[in-house]
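Read through the structures below before going on.
Okay, so chain A shows up in both of these, paired with chain B first and chain C after.
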Partner chain A sequence: MNNRLRVLRAERGWSQAELGAQLSVSRQAVNAIETGKYDPSLPLAFRIGRLFGLAIEDIFDDGHTGTDNG
Partner chain B sequence: MDESAPGAGGMFGRVAILAVSSIAIVFGAGVIAGILAAHADDGGGPFDPRLIAIVAGIALAMTGAGWAALRAFRAMARAGGRPTARERRGRLTIIAAALTGMLIAAVLIFFDPTAEGIFSNAPLPAGVALALALIIAVPVPIASYYWHRRIVDEQESNAFRTGAMLGLYAFWLAAPAWWLLWRGGLAPAPDGFILYFLTHLVAGIGWMWGKYR
Partner chain C sequence: MAYDPLAPTEQGQANAFRGAWIGLVTTLVLILAYFLPVWPWVETICLAATALLAMFMLTGRHDDYFNVLREIGMRWAMATIGLWLFAHAFFAVGEIAYKVGSFAAGARPDIIAPKQAAPFNFLRDAYLLAIVSSLGFFAGFAFARVRRAA
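Moving on, here comes the complex of A and B:
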(Lines of atoms letter the chains of each structure in order from A and count residues from 1; the text may use other names and numbers.)
(Lines give C-alpha, C1' and ligand atoms only; values in the text may rest on other atoms or scores of the structure.)
Protein backbone atom coordinates (compact mmCIF):
# COMPACT_ATOMS: atom_id res chain seq x y z
CA MET A 1 0.00 0.00 0.00
CA ASN A 2 1.37 3.41 -0.95
CA ASN A 3 1.62 6.10 1.70
CA ARG A 4 2.97 9.58 2.39
CA LEU A 5 4.52 8.78 5.74
CA ARG A 6 8.11 9.45 4.68
CA VAL A 7 7.14 12.84 3.21
CA LEU A 8 5.09 13.81 6.26
CA ARG A 9 7.90 12.77 8.58
CA ALA A 10 10.49 14.71 6.53
CA GLU A 11 8.30 17.82 6.57
CA ARG A 12 8.48 17.79 10.36
CA GLY A 13 12.19 16.98 10.44
CA TRP A 14 11.67 13.82 12.45
CA SER A 15 13.92 10.80 12.28
CA GLN A 16 12.45 7.33 12.00
CA ALA A 17 13.42 6.76 15.62
CA GLU A 18 11.61 9.93 16.73
CA LEU A 19 8.48 9.02 14.81
CA GLY A 20 8.71 5.45 16.10
CA ALA A 21 8.95 6.71 19.69
CA GLN A 22 5.84 8.85 19.24
CA LEU A 23 3.93 5.91 17.80
CA SER A 24 5.37 3.34 20.26
CA VAL A 25 6.86 1.26 17.45
CA SER A 26 10.43 0.50 16.37
CA ARG A 27 12.44 2.19 13.64
CA GLN A 28 12.14 -1.02 11.63
CA ALA A 29 8.36 -0.72 11.81
CA VAL A 30 8.45 2.90 10.60
CA ASN A 31 10.82 1.94 7.82
CA ALA A 32 8.71 -1.06 6.81
CA ILE A 33 5.56 1.08 6.66
CA GLU A 34 7.29 3.85 4.70
CA THR A 35 8.64 1.41 2.14
CA GLY A 36 5.30 -0.36 1.80
CA LYS A 37 6.61 -3.67 3.14
CA TYR A 38 4.22 -3.64 6.07
CA ASP A 39 0.68 -2.31 6.30
CA PRO A 40 -0.11 -0.99 9.78
CA SER A 41 -3.03 -2.25 11.82
CA LEU A 42 -6.11 -0.05 11.99
CA PRO A 43 -5.27 1.20 15.54
CA LEU A 44 -1.74 2.17 14.41
CA ALA A 45 -3.07 3.80 11.26
CA PHE A 46 -5.41 5.89 13.44
CA ARG A 47 -2.49 6.86 15.71
CA ILE A 48 -0.51 7.94 12.65
CA GLY A 49 -3.46 9.94 11.37
CA ARG A 50 -3.98 11.68 14.72
CA LEU A 51 -0.26 12.46 15.04
CA PHE A 52 -0.19 14.24 11.67
CA GLY A 53 -3.70 15.70 11.99
CA LEU A 54 -4.87 13.90 8.85
CA ALA A 55 -7.42 11.29 7.94
CA ILE A 56 -6.11 7.79 7.27
CA GLU A 57 -7.01 8.01 3.59
CA ASP A 58 -4.97 11.22 3.31
CA ILE A 59 -1.88 9.25 4.33
CA PHE A 60 -2.49 5.78 2.93
CA ASP A 61 -3.59 4.94 -0.58
CA ASP A 62 -4.74 1.45 -1.47
CA GLY A 63 -4.97 2.41 -5.13
CA HIS A 64 -8.72 1.99 -5.15
CA THR A 65 -10.32 5.04 -6.72
CA GLY A 66 -13.96 3.97 -6.94
CA THR A 67 -16.64 4.51 -4.30
CA ASP A 68 -18.19 1.04 -4.46
CA ASN A 69 -17.58 -1.66 -1.90
CA GLY A 70 -16.45 -4.31 -4.28
CA MET B 1 16.89 14.07 9.15
CA ASP B 2 16.34 10.86 7.23
CA GLU B 3 17.47 7.56 8.61
CA SER B 4 16.19 5.05 6.15
CA ALA B 5 19.11 2.64 6.59
CA PRO B 6 17.64 0.57 9.43
CA GLY B 7 15.14 -1.93 8.20
CA ALA B 8 16.45 -1.80 4.65
CA GLY B 9 17.64 -4.99 2.97
CA GLY B 10 21.12 -4.52 4.41
CA MET B 11 19.78 -4.94 7.94
CA PHE B 12 18.62 -8.49 7.22
CA GLY B 13 22.10 -9.24 5.91
CA ARG B 14 23.69 -7.88 9.09
CA VAL B 15 21.40 -9.94 11.29
CA ALA B 16 22.15 -13.02 9.17
CA ILE B 17 25.91 -12.40 9.47
CA LEU B 18 25.57 -11.97 13.23
CA ALA B 19 23.56 -15.18 13.60
CA VAL B 20 25.71 -17.33 11.28
CA SER B 21 28.95 -16.01 12.82
CA SER B 22 27.73 -16.77 16.34
CA ILE B 23 26.71 -20.30 15.37
CA ALA B 24 30.06 -20.80 13.60
CA ILE B 25 31.95 -19.73 16.74
CA VAL B 26 30.01 -22.14 18.96
CA PHE B 27 30.48 -25.00 16.49
CA GLY B 28 34.15 -24.16 16.02
CA ALA B 29 34.67 -24.28 19.78
CA GLY B 30 32.89 -27.63 19.87
CA VAL B 31 35.04 -29.07 17.08
CA ILE B 32 38.28 -27.90 18.71
CA ALA B 33 37.14 -29.31 22.07
CA GLY B 34 36.34 -32.59 20.29
CA ILE B 35 39.75 -32.75 18.59
CA LEU B 36 41.56 -32.04 21.87
CA ALA B 37 39.44 -34.62 23.72
CA ALA B 38 40.14 -37.26 21.04
CA HIS B 39 43.84 -36.45 21.25
CA ALA B 40 43.76 -36.87 25.05
CA ASP B 41 41.84 -40.17 24.66
CA ASP B 42 44.61 -41.40 22.34
CA GLY B 43 47.14 -40.91 25.14
CA GLY B 44 48.13 -37.32 24.47
CA GLY B 45 51.73 -36.74 23.48
CA PRO B 46 53.06 -34.28 20.92
CA PHE B 47 50.57 -32.89 18.42
CA ASP B 48 50.72 -33.97 14.78
CA PRO B 49 51.60 -30.86 12.67
CA ARG B 50 48.55 -31.63 10.51
CA LEU B 51 46.34 -31.54 13.62
CA ILE B 52 47.90 -28.24 14.69
CA ALA B 53 47.18 -26.82 11.23
CA ILE B 54 43.55 -27.95 11.41
CA VAL B 55 43.03 -26.47 14.88
CA ALA B 56 44.80 -23.26 13.83
CA GLY B 57 42.60 -23.06 10.73
CA ILE B 58 39.44 -23.47 12.79
CA ALA B 59 40.66 -20.90 15.32
CA LEU B 60 41.41 -18.50 12.46
CA ALA B 61 37.94 -19.07 11.01
CA MET B 62 36.43 -18.43 14.45
CA THR B 63 38.40 -15.19 14.72
CA GLY B 64 37.11 -14.16 11.30
CA ALA B 65 33.56 -15.02 12.34
CA GLY B 66 33.99 -12.98 15.53
CA TRP B 67 35.30 -10.04 13.54
CA ALA B 68 32.38 -10.26 11.08
CA ALA B 69 29.91 -10.49 13.97
CA LEU B 70 31.44 -7.44 15.66
CA ARG B 71 31.30 -5.43 12.44
CA ALA B 72 27.69 -6.42 11.83
CA PHE B 73 26.73 -5.56 15.41
CA ARG B 74 28.43 -2.16 15.22
CA ALA B 75 26.76 -1.41 11.87
CA MET B 76 23.39 -2.33 13.37
CA ALA B 77 24.04 -0.15 16.41
CA ARG B 78 25.10 2.79 14.22
CA ALA B 79 22.19 2.56 11.79
CA GLY B 80 19.49 5.03 12.58
CA GLY B 81 21.08 6.82 15.49
CA ARG B 82 20.03 6.39 19.11
CA PRO B 83 17.86 3.37 19.80
CA THR B 84 14.47 3.88 21.41
CA ALA B 85 13.79 2.61 24.95
CA ARG B 86 11.87 -0.33 23.44
CA GLU B 87 14.85 -1.21 21.22
CA ARG B 88 17.26 -1.00 24.15
CA ARG B 89 15.08 -3.39 26.13
CA GLY B 90 14.97 -5.65 23.07
CA ARG B 91 18.75 -5.67 22.68
CA LEU B 92 19.28 -6.48 26.34
CA THR B 93 16.81 -9.35 26.10
CA ILE B 94 18.47 -10.70 22.93
CA ILE B 95 21.92 -10.49 24.52
CA ALA B 96 20.63 -12.29 27.65
CA ALA B 97 19.01 -14.99 25.49
CA ALA B 98 22.17 -15.42 23.40
CA LEU B 99 24.35 -15.72 26.50
CA THR B 100 21.94 -18.28 27.98
CA GLY B 101 22.03 -20.29 24.74
CA MET B 102 25.83 -20.13 24.60
CA LEU B 103 26.05 -21.20 28.25
CA ILE B 104 23.83 -24.23 27.56
CA ALA B 105 25.82 -25.08 24.41
CA ALA B 106 29.12 -24.73 26.28
CA VAL B 107 27.94 -27.08 29.05
CA LEU B 108 26.71 -29.64 26.48
CA ILE B 109 30.01 -29.47 24.59
CA PHE B 110 31.94 -29.77 27.85
CA PHE B 111 30.15 -33.02 28.71
CA ASP B 112 30.46 -34.45 25.18
CA PRO B 113 33.33 -32.76 23.34
CA THR B 114 32.90 -34.77 20.15
CA ALA B 115 32.17 -33.72 16.61
CA GLU B 116 28.45 -34.10 17.39
CA GLY B 117 28.73 -31.20 19.84
CA ILE B 118 25.35 -29.92 20.96
CA PHE B 119 23.58 -32.48 18.74
CA SER B 120 24.87 -35.33 20.89
CA ASN B 121 22.39 -37.75 22.49
CA ALA B 122 24.98 -38.99 24.98
CA PRO B 123 23.81 -39.30 28.62
CA LEU B 124 24.28 -36.33 30.95
CA PRO B 125 24.71 -36.33 34.74
CA ALA B 126 21.19 -36.06 36.21
CA GLY B 127 21.97 -32.84 38.10
CA VAL B 128 23.33 -31.13 34.97
CA ALA B 129 20.36 -32.27 32.88
CA LEU B 130 17.93 -30.99 35.54
CA ALA B 131 19.72 -27.64 35.83
CA LEU B 132 19.72 -27.09 32.04
CA ALA B 133 16.09 -28.17 31.75
CA LEU B 134 15.12 -25.71 34.54
CA ILE B 135 17.01 -22.89 32.78
CA ILE B 136 14.87 -23.55 29.72
CA ALA B 137 11.60 -24.26 31.53
CA VAL B 138 11.55 -21.36 34.03
CA PRO B 139 13.33 -18.17 32.85
CA VAL B 140 12.68 -18.62 29.14
CA PRO B 141 8.86 -18.53 29.41
CA ILE B 142 9.09 -15.46 31.68
CA ALA B 143 11.48 -13.72 29.27
CA SER B 144 9.25 -14.71 26.34
CA TYR B 145 6.18 -13.21 28.05
CA TYR B 146 8.14 -10.00 28.72
CA TRP B 147 9.36 -10.00 25.12
CA HIS B 148 5.91 -10.29 23.61
CA ARG B 149 4.22 -7.91 26.07
CA ARG B 150 6.81 -5.13 26.43
CA ILE B 151 9.27 -5.25 23.56
CA VAL B 152 7.90 -6.32 20.21
CA ASP B 153 5.67 -3.97 18.29
CA GLU B 154 3.01 -5.05 15.82
CA GLN B 155 5.40 -5.22 12.85
CA GLU B 156 7.76 -7.57 14.66
CA SER B 157 4.83 -9.49 16.10
CA ASN B 158 3.63 -10.03 12.55
CA ALA B 159 7.13 -11.12 11.51
CA PHE B 160 7.23 -13.52 14.46
CA ARG B 161 3.92 -15.08 13.41
CA THR B 162 5.26 -15.53 9.87
CA GLY B 163 8.37 -17.25 11.23
CA ALA B 164 6.31 -19.40 13.59
CA MET B 165 4.05 -20.51 10.75
CA LEU B 166 7.04 -21.42 8.56
CA GLY B 167 8.66 -23.27 11.47
CA LEU B 168 5.47 -25.21 12.14
CA TYR B 169 5.24 -26.19 8.49
CA ALA B 170 8.90 -27.26 8.54
CA PHE B 171 8.14 -29.56 11.48
CA TRP B 172 4.86 -30.80 10.00
CA LEU B 173 6.62 -31.81 6.79
CA ALA B 174 10.04 -32.93 8.04
CA ALA B 175 8.93 -35.07 11.00
CA PRO B 176 6.53 -37.45 9.19
CA ALA B 177 8.73 -37.56 6.06
CA TRP B 178 11.75 -38.57 8.13
CA TRP B 179 9.63 -41.05 10.15
CA LEU B 180 8.36 -42.70 6.95
CA LEU B 181 11.86 -42.86 5.46
CA TRP B 182 13.03 -44.51 8.70
CA ARG B 183 10.21 -47.04 8.55
CA GLY B 184 11.21 -47.78 4.95
CA GLY B 185 14.77 -48.43 6.03
CA LEU B 186 16.00 -45.43 4.04
CA ALA B 187 17.08 -43.18 6.92
CA PRO B 188 18.28 -43.44 10.52
CA ALA B 189 15.70 -43.08 13.32
CA PRO B 190 14.19 -39.59 13.61
CA ASP B 191 16.17 -37.37 15.96
CA GLY B 192 14.03 -35.03 18.04
CA PHE B 193 16.79 -32.51 18.57
CA ILE B 194 17.60 -32.20 14.87
CA LEU B 195 13.89 -31.67 14.15
CA TYR B 196 13.77 -29.05 16.92
CA PHE B 197 16.84 -27.32 15.49
CA LEU B 198 15.38 -27.34 11.98
CA THR B 199 12.08 -25.90 13.23
CA HIS B 200 13.94 -23.24 15.19
CA LEU B 201 16.18 -22.37 12.25
CA VAL B 202 13.31 -22.00 9.77
CA ALA B 203 11.21 -20.00 12.24
CA GLY B 204 14.18 -17.76 13.04
CA ILE B 205 14.96 -17.06 9.39
CA GLY B 206 11.29 -16.31 8.69
CA TRP B 207 11.11 -13.99 11.70
CA MET B 208 14.27 -12.08 10.78
CA TRP B 209 13.23 -11.86 7.14
CA GLY B 210 9.86 -10.45 8.15
CA LYS B 211 11.43 -7.92 10.48
CA TYR B 212 14.45 -6.72 8.49
CA ARG B 213 13.78 -7.34 4.79
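Moving on, here comes the complex of A and C:
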Protein backbone atom coordinates (compact mmCIF):
# COMPACT_ATOMS: atom_id res chain seq x y z
CA MET A 1 0.00 0.00 0.00
CA ASN A 2 1.39 3.38 -1.00
CA ASN A 3 1.31 6.29 1.41
CA ARG A 4 2.34 9.92 1.74
CA LEU A 5 3.67 9.67 5.25
CA ARG A 6 7.26 10.53 4.35
CA VAL A 7 6.14 13.61 2.43
CA LEU A 8 3.81 14.79 5.19
CA ARG A 9 6.51 14.26 7.80
CA ALA A 10 9.09 16.11 5.71
CA GLU A 11 6.72 19.04 5.22
CA ARG A 12 6.62 19.47 8.97
CA GLY A 13 10.34 18.92 9.43
CA TRP A 14 9.89 16.00 11.80
CA SER A 15 12.29 13.14 12.17
CA GLN A 16 10.99 9.58 12.20
CA ALA A 17 11.62 9.43 15.94
CA GLU A 18 9.66 12.65 16.52
CA LEU A 19 6.73 11.40 14.49
CA GLY A 20 6.93 8.07 16.29
CA ALA A 21 6.81 9.82 19.65
CA GLN A 22 3.68 11.71 18.64
CA LEU A 23 2.03 8.50 17.46
CA SER A 24 3.26 6.43 20.43
CA VAL A 25 5.12 4.06 18.15
CA SER A 26 8.79 3.37 17.52
CA ARG A 27 11.01 4.99 14.92
CA GLN A 28 11.24 1.58 13.28
CA ALA A 29 7.45 1.43 12.90
CA VAL A 30 7.40 4.82 11.16
CA ASN A 31 10.22 3.72 8.90
CA ALA A 32 8.45 0.45 8.05
CA ILE A 33 5.24 2.30 7.15
CA GLU A 34 7.10 4.83 5.02
CA THR A 35 8.98 2.17 3.11
CA GLY A 36 5.86 0.06 2.59
CA LYS A 37 7.11 -2.85 4.68
CA TYR A 38 4.21 -2.60 7.05
CA ASP A 39 0.61 -1.47 6.72
CA PRO A 40 -0.52 0.15 9.96
CA SER A 41 -3.42 -1.15 11.99
CA LEU A 42 -6.70 0.73 11.70
CA PRO A 43 -6.30 2.50 15.09
CA LEU A 44 -2.81 3.64 14.12
CA ALA A 45 -4.02 4.78 10.70
CA PHE A 46 -6.69 6.88 12.44
CA ARG A 47 -4.07 8.38 14.76
CA ILE A 48 -1.93 9.28 11.76
CA GLY A 49 -4.91 10.85 10.02
CA ARG A 50 -5.84 12.88 13.08
CA LEU A 51 -2.25 14.04 13.61
CA PHE A 52 -2.01 15.42 10.08
CA GLY A 53 -5.62 16.58 9.94
CA LEU A 54 -6.35 14.40 6.94
CA ALA A 55 -8.61 11.49 6.11
CA ILE A 56 -7.01 8.05 6.00
CA GLU A 57 -7.57 7.77 2.26
CA ASP A 58 -5.73 11.07 1.77
CA ILE A 59 -2.63 9.48 3.28
CA PHE A 60 -2.90 5.83 2.28
CA ASP A 61 -3.63 4.55 -1.20
CA ASP A 62 -4.39 0.89 -1.81
CA GLY A 63 -4.32 1.41 -5.56
CA HIS A 64 -7.99 0.55 -5.83
CA THR A 65 -10.27 2.91 -7.76
CA GLY A 66 -14.05 2.98 -7.63
CA THR A 67 -16.22 1.16 -5.11
CA ASP A 68 -16.25 -2.51 -4.22
CA ASN A 69 -20.03 -2.77 -4.42
CA GLY A 70 -20.43 -0.91 -7.65
CA MET B 1 -5.54 10.01 22.54
CA ALA B 2 -5.94 9.51 26.29
CA TYR B 3 -2.88 10.12 28.44
CA ASP B 4 -1.29 6.88 29.55
CA PRO B 5 1.34 7.39 32.26
CA LEU B 6 2.72 3.89 31.75
CA ALA B 7 2.93 4.09 27.97
CA PRO B 8 6.40 3.16 26.68
CA THR B 9 8.41 6.00 25.20
CA GLU B 10 9.53 6.07 21.58
CA GLN B 11 13.08 5.43 22.78
CA GLY B 12 11.95 2.46 24.84
CA GLN B 13 10.09 0.97 21.92
CA ALA B 14 13.03 1.53 19.60
CA ASN B 15 15.27 -0.25 22.14
CA ALA B 16 12.94 -3.25 22.01
CA PHE B 17 13.84 -3.72 18.34
CA ARG B 18 17.52 -3.61 19.21
CA GLY B 19 16.82 -6.24 21.86
CA ALA B 20 15.55 -8.55 19.16
CA TRP B 21 18.84 -8.31 17.26
CA ILE B 22 20.79 -8.91 20.45
CA GLY B 23 18.61 -11.94 21.11
CA LEU B 24 19.43 -13.32 17.70
CA VAL B 25 23.16 -12.96 18.35
CA THR B 26 23.04 -14.46 21.86
CA THR B 27 20.98 -17.40 20.59
CA LEU B 28 23.51 -18.04 17.84
CA VAL B 29 26.27 -17.99 20.44
CA LEU B 30 24.34 -20.51 22.55
CA ILE B 31 24.00 -22.87 19.60
CA LEU B 32 27.68 -22.44 18.83
CA ALA B 33 28.53 -23.09 22.47
CA TYR B 34 26.45 -26.25 22.42
CA PHE B 35 28.67 -27.82 19.79
CA LEU B 36 31.97 -26.09 20.46
CA PRO B 37 33.73 -25.48 23.75
CA VAL B 38 33.65 -21.80 24.69
CA TRP B 39 34.25 -19.97 27.91
CA PRO B 40 31.52 -20.99 30.35
CA TRP B 41 30.90 -17.41 31.41
CA VAL B 42 30.15 -16.41 27.82
CA GLU B 43 27.54 -19.14 27.58
CA THR B 44 26.07 -18.16 30.95
CA ILE B 45 25.80 -14.50 30.02
CA CYS B 46 24.22 -15.33 26.66
CA LEU B 47 21.83 -17.76 28.31
CA ALA B 48 20.68 -15.14 30.81
CA ALA B 49 20.41 -12.47 28.09
CA THR B 50 18.41 -14.73 25.78
CA ALA B 51 16.04 -15.73 28.56
CA LEU B 52 15.47 -12.12 29.65
CA LEU B 53 15.00 -10.90 26.10
CA ALA B 54 12.56 -13.69 25.28
CA MET B 55 10.49 -12.84 28.36
CA PHE B 56 10.67 -9.13 27.59
CA MET B 57 9.56 -9.63 24.02
CA LEU B 58 6.58 -11.69 25.06
CA THR B 59 5.41 -9.60 28.00
CA GLY B 60 6.47 -6.00 27.41
CA ARG B 61 4.23 -3.30 25.99
CA HIS B 62 5.15 -2.71 22.38
CA ASP B 63 3.76 -0.95 19.34
CA ASP B 64 1.69 -2.56 16.60
CA TYR B 65 4.62 -3.12 14.29
CA PHE B 66 6.60 -4.89 16.97
CA ASN B 67 3.59 -7.08 17.75
CA VAL B 68 3.30 -8.09 14.08
CA LEU B 69 6.98 -9.03 13.97
CA ARG B 70 6.64 -10.88 17.28
CA GLU B 71 3.73 -12.86 15.90
CA ILE B 72 5.78 -13.86 12.87
CA GLY B 73 8.65 -14.85 15.17
CA MET B 74 6.31 -17.01 17.22
CA ARG B 75 5.06 -18.71 14.06
CA TRP B 76 8.66 -19.49 13.12
CA ALA B 77 9.30 -20.87 16.60
CA MET B 78 6.23 -23.10 16.37
CA ALA B 79 7.29 -24.25 12.90
CA THR B 80 10.71 -25.11 14.31
CA ILE B 81 9.14 -27.18 17.09
CA GLY B 82 6.85 -28.86 14.57
CA LEU B 83 9.75 -29.81 12.31
CA TRP B 84 11.68 -31.07 15.32
CA LEU B 85 8.82 -33.30 16.43
CA PHE B 86 8.23 -34.45 12.88
CA ALA B 87 11.88 -35.48 12.59
CA HIS B 88 11.58 -37.30 15.90
CA ALA B 89 8.45 -39.10 14.69
CA PHE B 90 10.12 -39.93 11.39
CA PHE B 91 13.05 -41.65 13.05
CA ALA B 92 10.78 -43.33 15.59
CA VAL B 93 8.70 -44.80 12.77
CA GLY B 94 11.89 -45.93 11.08
CA GLU B 95 12.98 -47.66 14.27
CA ILE B 96 9.62 -49.40 14.65
CA ALA B 97 9.60 -50.43 10.99
CA TYR B 98 13.09 -51.88 11.42
CA LYS B 99 11.99 -53.98 14.40
CA VAL B 100 8.82 -55.13 12.67
CA GLY B 101 10.79 -55.97 9.54
CA SER B 102 13.40 -57.88 11.53
CA PHE B 103 10.68 -59.80 13.33
CA ALA B 104 8.92 -60.56 10.03
CA ALA B 105 12.20 -61.83 8.64
CA GLY B 106 12.40 -64.35 11.43
CA ALA B 107 14.66 -62.65 13.97
CA ARG B 108 13.91 -63.26 17.63
CA PRO B 109 12.46 -60.11 19.25
CA ASP B 110 14.87 -60.26 22.18
CA ILE B 111 17.97 -60.08 19.98
CA ILE B 112 16.93 -57.32 17.58
CA ALA B 113 19.39 -54.52 18.27
CA PRO B 114 18.32 -50.88 18.06
CA LYS B 115 18.91 -49.74 14.51
CA GLN B 116 20.45 -46.34 15.03
CA ALA B 117 19.21 -44.87 18.26
CA ALA B 118 22.38 -43.06 19.25
CA PRO B 119 22.78 -40.62 16.31
CA PHE B 120 19.29 -39.22 16.83
CA ASN B 121 19.28 -39.02 20.58
CA PHE B 122 19.89 -35.29 20.31
CA LEU B 123 16.22 -34.96 19.32
CA ARG B 124 15.37 -35.79 22.93
CA ASP B 125 17.55 -32.95 24.21
CA ALA B 126 15.15 -30.34 25.63
CA TYR B 127 17.85 -27.70 26.05
CA LEU B 128 18.85 -27.96 22.40
CA LEU B 129 15.20 -27.77 21.36
CA ALA B 130 14.77 -24.66 23.53
CA ILE B 131 17.67 -22.79 21.98
CA VAL B 132 16.79 -23.92 18.44
CA SER B 133 13.19 -22.77 18.84
CA SER B 134 14.52 -19.53 20.35
CA LEU B 135 16.64 -19.15 17.23
CA GLY B 136 13.50 -19.74 15.18
CA PHE B 137 11.74 -16.96 17.03
CA PHE B 138 14.49 -14.37 16.72
CA ALA B 139 15.30 -15.37 13.13
CA GLY B 140 11.63 -15.05 12.17
CA PHE B 141 11.47 -11.65 13.82
CA ALA B 142 14.61 -10.49 12.03
CA PHE B 143 13.45 -11.90 8.69
CA ALA B 144 10.14 -10.07 8.95
CA ARG B 145 11.97 -6.91 10.04
CA VAL B 146 14.14 -6.97 6.94
CA ARG B 147 11.44 -8.08 4.56
CA ARG B 148 7.88 -6.86 4.28
CA ALA B 149 6.07 -7.69 7.51
CA ALA B 150 2.38 -7.39 6.73
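The rule is short, and it goes like this: the second predicted complex is superposed on the first by the 68 of 70 C-alpha atoms of A that agree within 3 Å, B and C clash if a C-alpha of one lies under 4 Å from a C-alpha of the other, contacts with A are read in each partner's own complex, and residues count from 1 in each chain.
To be clear about the criterion, a contact is a pair of C-beta atoms (placed from the backbone, for glycine too) under 8 Å apart; a residue touches a chain by one contact, two chains touch by 3 or more.
Computed from a predicted model, the values in this text were never measured in an experiment.
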| item | value |
| --- | --- |
| Which of chain B and chain C A:15 touches, first, second, both or neither | first |
| Chain A residues touched by each partner, larger count belonging to chain B or chain C | B |
| First, second, both or neither for A:37, with chain B first and chain C second | both |
| First, second, both or neither for A:47, with chain B first and chain C second | second |
| First, second, both or neither for A:28, with chain B first and chain C second | both |
| Contacts on chain A seen with chain B and repeated with chain C across the two complexes | 17, 20-21, 24-29, 32-33, 37-38, 40-41, 44 |
| Residue ranges of chain A touching chain C (in the complex, touch as defined) | 17, 20-21, 24-29, 32-33, 36-41, 43-44, 47 |
| Residue ranges of chain B in contact with chain A within the complex | 1-4, 6-8, 11, 80-87, 90, 153-156, 158, 211-213 |
| Residue numbers on chain A that touch chain B, as the complex places them | 6, 10, 13-17, 20-21, 24-35, 37-38, 40-41, 44 |
| Chain C - residues contacting chain A, complex | 1, 4, 7, 9-11, 13-14, 16-17, 62-66, 68, 145, 147-150 |
